[in-house]
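Dropping the structure in here first, questions after.
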């Protein structure tokens, strides 16, 4: 069992700079989360992008798809901003033999109260247990790519099927 | 999608009483973990036991099995002390049509650094994604019941298969 | 021994709204900090302003001074944004018989790692122990009003005397 | 301004070992607390004892007094278990020219919710501001040595004067 983490930025990695009163994407917190959680499987962490997901465009998504297609791993957890996570999930569909789980956070991981740790836990489990395919792990739920949207008003992910 | 949580005690729920310098099982933290993680699925939490797992005996395991057998849910997350978690997982095997995931924590959930939140995240994902059966979600890994042990010296869960 | 807390906004009370990617002043965290710290003295909390300290102007400072002048308490802790905390301290000098301590945070109190809790601890002690006057409690140090500045480059408070 | 921290053990430094289900005094957390709080004064940390305060005896108190008497610093913060903190405060009285503040925690610093950080904040401020003497900083209050007791039933420190 081996899992490759790919970080792309997003709220999960946001940090706050008081001097400028800015709130920007910083170093990924994924390794800290895995260490604190006493994770004892083989994994590595690759940082491909450091962007707000509103700034992730089709070129970035192609880069991500090309990276995975040329790569030898079979299980991926991708941390990603929440606003366009469903679009990136769609762009990764159809990569045979890969289990790909996207996750992120509605509240930065550096906050005292955050969904980041729980969400990465959901993602690492799904990457191990689910059949090949693309999934989103958010709001306590595992969604199939193509059947999920972010409801910004309610600040949650939900199924698009009725 | 609906998940029933059953709490039985264990390190995950331990609290510290300074007056007596004791460290005892307290109210379950599961609901706080799910609220902080912005979980938005249907769930309920049933407290069946409040015990150190070294004190859980065959009668307790039979109670747990009988409860699930008579119950109408199909997906369960059971929080449990780590020392005898594998034994309880074994005692629950063979309950048809149920996906049962046991989890807990090596460090109490009330600590600043803990594996509890991550582990409950793994468990909730596994309960949704895995086929019916009994699983343990610990140390960043999803184990099948019957193929896992706690390595006390290394303070981790590991596979019993070579 | 009785202490009156006055909150005026600032980084200490900042919260993050993902939907809008904004970072704004929210409800004051002072009561939570005092409860978590098991504070067992008489106190109350008055919210006079909810502003970034860059937006606090002379009218606000006059309001604050008038409030304290007309008030019957003798010991005050004021939480305030850091950028103009020294200016507000100056504006409160000369109020006879009052011990007034300003504090705040370089990192929001809602972060996992923050100076907020420690700083409020410093302030509550200074309000009890120091002679009447105006003080700033930041960066692990108690400064006299009029002899302190924020060094934005280094992100710390320092003495203006050599 | 320079402060010497002396650590002696106690609940503030307690850690939990799951393997043995023990809860013991560990490495002092004082340096972590000061770093997280962005403390920017000169200080050092000396570890003299690592004991539950119920195990601190007259010989230990004499050691502590001798250490300070022979030392060249003038401002001290001593972290100490809560059960016999008042006794140790008494044993340090009368050391001319020294401001000595004892503090600790009713809940270990490694907990998510703890009074440790706030209490060290109170102590560092008192060590700077108070006149020479011996003080206890607990329960949000600064007490004079000799006029304070721990109320174990209520889990708080209180004045012995009426």
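Per-chain residue numbering starts at 1, and chain names A, B, C and D are given in the order in which the chains are listed.
We adopt the following convention: a contact is a pair of C-beta atoms (placed from the backbone, for glycine too) under 8 Å apart; a residue touches a chain by one contact, two chains touch by 3 or more.
Note that the coordinates shown come from a computational prediction; the quantities given were computed from them, not determined experimentally.
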| item | value |
| --- | --- |
| Set of chains whose contacts include both chain D and chain B | none |
| Farthest chain relative to chain D (centres taken as mean CA coordinates) | A |
| Whole-Å gap between the CA centroids of chain A and chain D | 44 |
| Mean-CA-position distance for chain D and chain C (Å) | 25 |
| In chain C, residues with contacts to at least two other chains | 106-107, 112-114, 155 |
| Graph class of chain-chain contacts, one of line, ring, star, complete, other | ring |
| Touching residues (chain side chain C, partner chain A) in the complex | 11, 14, 16, 18-19, 21, 23, 52, 82, 106-108, 110-114, 152-153, 155 |
| Footprint of chain B on chain A - complex, ascending | 1, 33-34, 36-41, 43, 106-107, 113-115, 117-126, 128-130, 137, 139-142, 155-158 |
